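Several structures are given next for inspection.
The same subunit A turns up in both complexes below, where it pairs with subunit B and then with subunit C.
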Partner chain A sequence: MTNSVEELEDAACIMIIGSNTTASHPIVAMHIFRAKEKGAKIIVIDPRKTHIASYADLYLAEKSGTDVAIINGLLHIIIKEGWYDKQFVEERTEGFVELKTLLEEYPPARVAEITGVPEAQLRQAAEMFAKTKQSSIVYCMGITQHTVGVDNVLSLANLSMATGHIGKWASGVNPLRGQNNVQGSTDMAAIPNVLPGYQSLADDAVVSKFEAAWGVTLPRKPGLTLMEIMGAIGTGGIKALYVMGENPAVSDPDIQHVKKALEALELLIVQDIFPTETVALAHVVLPAVSFAERDGTFVTTDRRVQRIRKAIEPIGDTRPGWQIICDVAHAMGAGGFDFASPSEIFAEIASLVPLYAGISYERIAENGIQWPCPTKDAPSTVFLHKDRFSKGLGTFKPVAYKAPAELPDEEYPFILITGRDGFHFHTGSMTRRSKSLTAQINRCYVQIHPLDAKKLKIKAGQMIRLRSRRGAIEVEARITPIVQSGSVFVPFHFAETAANVLTNPALDPVVKIPEYKICAVKLEKAT
Partner chain B sequence: MGSLREAIRKALTAGEVAGVVGLILEEGHPRPHLFTKEAIDELERLVVGDVRYPLAGVLLKIHRSDPEARLGIVARGCDERAVLELDRNEQLNGEGVVIFGIACTQEQANACQCAQPYPSSHLFGERAAPVSDSERFDRLESLSKEERFQYWMDQFGKCIKCYGCRNICPMCFCPDCVLEDNDLIKTGNIPPEVPIFHLVRAFHMAERCVDCGLCEEACPAGIPLRTLYKKMRNVVTTQFGFTPGITKEGKGPLQYLGDGEFGKQEGH
Partner chain C sequence: MINYHTVYTTCPYCGTGCGMLLEVMNGRLVGVLPCKTNSINQGKLCIKGWSAHEFVHSPERLKKPLLRKDGRLEEVEWDEALSFIASKLKAITQTHGPDSFAALSSAKCTNEENYLLQKFTRAVIGTNNIDHCARL
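This part shows the complex of A and B:
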């Protein structure tokens, strides 16, 4: 997030796009509700009328996968009407002319046709967002899990820069991260083309710094992304895989294929706290500890590095992840990895990562610090991009609308959207072991629009076979106008009827994120 | 602070109480803790601050695990009221609980809009003036019936069914909770059935709610639960002449029903 979560309370207009906020980020939703209480206007853009959409001042029911067209359409209106922030564009950005040229192709009539959102609503949203003093964007996986995920994010950056709604208190672009420490994992370079702290693998000075600290020669070629790894098992040369706290046997798209790939490995090591579906395929299982059994840090979605402290001793033969990793490294004959505690590891991070350089266990003993924090006396950075962007001027990146990889056709006439149910988390490896959560819901379902249900003579509670080009699952029908006619929704938490049997492994060409949010399916009555 | 600490130390060392529930400062943050004679030095880290926890609920848990032990509690006005009501509902032996009272500051009383920001006697702080009016309560009362209805339907619709209100409530002592009864309230929906989920809880609070406001502080959807339960308190006060948490004597209205066992153990 460029802002902090609590700043959202002071926003005067919040555009929520591709985020089922109350289900996935209830605490963020709380701050949004507080903003609304104080008079903020809420715009929700989503193909489903989510819980928070029913509290929106303006809800735009877009067709799935048309975010770029919508944002370009809003920008077209904003610029035509002169509602953009001329001073901000002039002083802080570059490439505005190129953006304007592209936007010529997105007049309201065309955008309404692509997106299904009426022109009047586009105008209302454009005016509301642009003309309000403090507007903020909140987005989540509905933006990123597409073959145009990067384009979607760039569009939102264009919108925020053109309106000057960035780099200010309560005004910015705010992706909501999923897991409690996914920000920390990304910061520590769980991405194959950077070193910790987003330092480029292509930068000689950076690489020398790490080589000197670690006493090794680093490979200079970026590694593979998760989906590329799965593709490279077998023929691509990947023979062994070490999986930590991830359950790809349920969470990856087209899991029947993924399962075959995992089974083809010569060695699969899985480090987890529960016997997941991926653990079941492992040759070696390394039992790790839960959050309550370890010391360390978590980094929140708003870049806040926070201490966590052990509440109970590790149960059974489990051990903290850092100890397991260090021992595996030692067993492989690696030098270094001689840490006595997580604080020593953190000190190393601070010594090598400029964003973290000023953060220490002493400084975050009571309250966390938000990066960047370059020096020992630097304060928390509450919001990013004040006065200047990290690269200097912000560059507009005009992006054209592209259709999703797999759209409905005669054989597979419905769009399938996958996502969260409010009672479970991801593959359910944790939440489906909770009695109170499974008491709420413990089986998969499909949301079907009443018109489609009528047409196909489907009744609520009936078992439906959903079939895509990759496989089929049987789930219970829920009939609800939350989904649009022509679309269905399936939550992805239930391994026995996994939504990812159906999903399309088509990837964004840049960051290789799969298109979990759209594929084509057909509905059959299960007998 | 010294006299509070000394009183607890004395009671623990003399064996007058087996343990005292209060807040301990750990890594800069207060958390509930059972102070005992065996670890008497921990009293140095006893704190009284702005942070509130449902200490009477913590006390109840400890009492259930060791019913014979005589316990003490560092209690604000709201904590003492909760102890009193837990006793009336036969969950605690209130005579056996020793209150180490603390008075809230005027600032806290104002923030909580608390009508009784102090216990019956206190060892720490100064009695603040009671704050009897609630701005939101008065504003809602002034609305028309239709407007009020719409307001509450909107508020209940924000609920994400996290059960935070119930879990933090010092007065939610039932072993089986009707809010988890699939026959009464369908499971698996967010928001939970509007308005039955919230109204069932409101009725359960009618003769129990001690107006501590922790439910509202805990609610991630920002539903003004305390205002709702204040209304229930008012109704019970005017209709039955009973206000939870005020006097030790007497029964709550529901306690007159049936064989007197009603509400003692089972959810009602």
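This part shows the complex of A and C:
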């Protein structure tokens, strides 16, 4: 997030796009509701009429996968009407002319046709967002899990820069991270193309710094992304895989294919706390402790480095994850892994990562510190991009609308959207072992619109077979107008009827995120 | 005698980062209380946060290292698991090169663990093949 979670309370207009906020981030939703109580206007853009959409001042029921068209449409209106922030555009951005040229192709009539959102609503949303002084965008995986995920994010950046709604208190672009430490694991460069702190593998000075600190020569060629790793098992040369705290046998798209890939490995090492579906395929399993049995740091969606603290002793013969990695390194005969505690590891991180240079366990204390924090006396950075962008001028990146990879046809006439249910978390390895949560819901379902249910003579509670080009699952029907006619929704937490049997492994070409939000399915009554 | 205390920590579920107090009684987690002074959640939690202690003592927790022998995963001591990994990894990377290894790190794990796994992958094995579930 460019801003802090609690700043949302002071926003005067919040545009929520591709986020089922009350279900997936209830405490963020709390701050949004407080803003609404203070008079803020709420705009929700989503193909599903989610819970928070029912509280919106304006709900735009877009067709799945048309976000770029909508945002371009809003920008078209904002610029035509002169509602953009001319001073911000002149002083802090570049590429506005190119953006304007592209936007000529997105008049309201055409955008309404692509997105299914009436012209009048597009106008209302454009005016509400642009003309309010402090507007913020909140988005989640409904924006990113598309073959045009990057284009979607760039469109939102264009919208915020054109309206000057960035770099201010309560005004910015705010992605909600779905997991406790998505931000931190990315900061730490558990990604193939950078070194910790987003430092470039192509920068000789950066690489030399790490080589000196670690006493090795580092590989310079960027590595493979998760989906590329799965594809490279077997013929592509990946023979050994070390999986720490993930469950790709349930979480990845087209999992029947993923399981075959994992089975083809010469060595699958899995470090986890539960016997997951991925553990079942492992050659060797390393039992780790849970969050309650170790010390460490997590980074929130608003860049706040916070502590977790050991509350109980390790259960059974388990070890903290950090210690296990050190043990493996020692077994390999490697140096550089002699740490007595997580705070010593953190000190090494701070010595190599400028964003974290001023952060220590002592400074984090009870309230956490928001990066960037370059020196020991630098304060938390509450919001980003004040006065200037980190790269200098903000560049508009005009993006054209592209259709999703797999749209419905005669054989597979429905769009399948996957996502979270409010009572569960990811592959369910934790929440499905919590009795309060399984008491609420413990089996998968499919949301079907009443018109489609009537047409197909489907009754609530009936078992439905959903079939895509990749596979089929049988789940219980829920009849609800939350989904649009022609679309269905399935939560992805239930391994025995995994939504990812159905999903399409088509990827965004830049960041290789799979298109979990759209694939084509058909519905059959299960006998 | 009852030994009860609370420990301040961060919720393990979504990325909001709510502050919570784990209630510990005689070495076992018995509950969760929301932290009022954390500026993110200000004394509130969602239902997942309120029940975040429940899975920790699940009887299904992995408690010993496991090694596949004759097709089945069997409990072994740490030393055996670690030396198996070291010898297999060395053999594979010596035969096929460092790029035959890949690591999937985790958005569920700490900064310290993510940092160490990427350091292991880059500095010990010698490849940049590391990613995690941020995209999922």
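Here, the second predicted complex is superposed on the first by the 527 of 527 C-alpha atoms of A that agree within 3 Å, B and C clash if a C-alpha of one lies under 4 Å from a C-alpha of the other, contacts with A are read in each partner's own complex, and residues count from 1 in each chain.
As a convention for this text, a contact is a pair of C-beta atoms (placed from the backbone, for glycine too) under 8 Å apart; a residue touches a chain by one contact, two chains touch by 3 or more.
Every value quoted in this text rests on a predicted model; they were computed, and no experiment measured them.
In the overlay built on the shared chain, the residue A:441 is in contact with subunit B alone; subunit C does not reach it. By the touch criterion defined above, A:54 reaches subunit B but does not reach subunit C. In the superposed pair of complexes, A:27 makes contact with subunit B and with subunit C alike. In the superposition on chain A, A:226 makes contact with subunit C only, not with subunit B. Once the two complexes are overlaid on the shared chain, A:248 sits against subunit C while remaining clear of subunit B. Once chain A of one complex is fitted onto chain A of the other, the partner contacts of A:37 are limited to subunit B, with no touch recorded for subunit C. When the shared chain is aligned, no partner comes close enough to touch A:169: not subunit B, not subunit C. In the superposition on chain A, the chain among subunit B and subunit C reaching more residues of subunit A is C. According to the touch criterion, the shared surface of subunit A, contacted by subunit B in one complex and subunit C in the other, consists of residues 26-27, 30, 307, 309, 366-367, 422-423, 436, 440. Only residues 22-23, 26-27, 29-30, 33-34, 37, 51, 54-55, 307, 309, 365-367, 422-423, 436, 439-441 of subunit A touch subunit B when the two sit together in their complex.
Interface residues of subunit B facing subunit A in the complex, by the touch rule stated above, are 27-29, 154, 157-158, 160-163, 180, 187-188, 190-191, 220-222.
Within the complex formed with subunit A, the residues of subunit C that make contact are 7-19, 22, 24, 27-29, 37-42, 44-58, 60-68, 73, 78, 81-86, 88-90, 92-93, 96, 98-124, 126-136.
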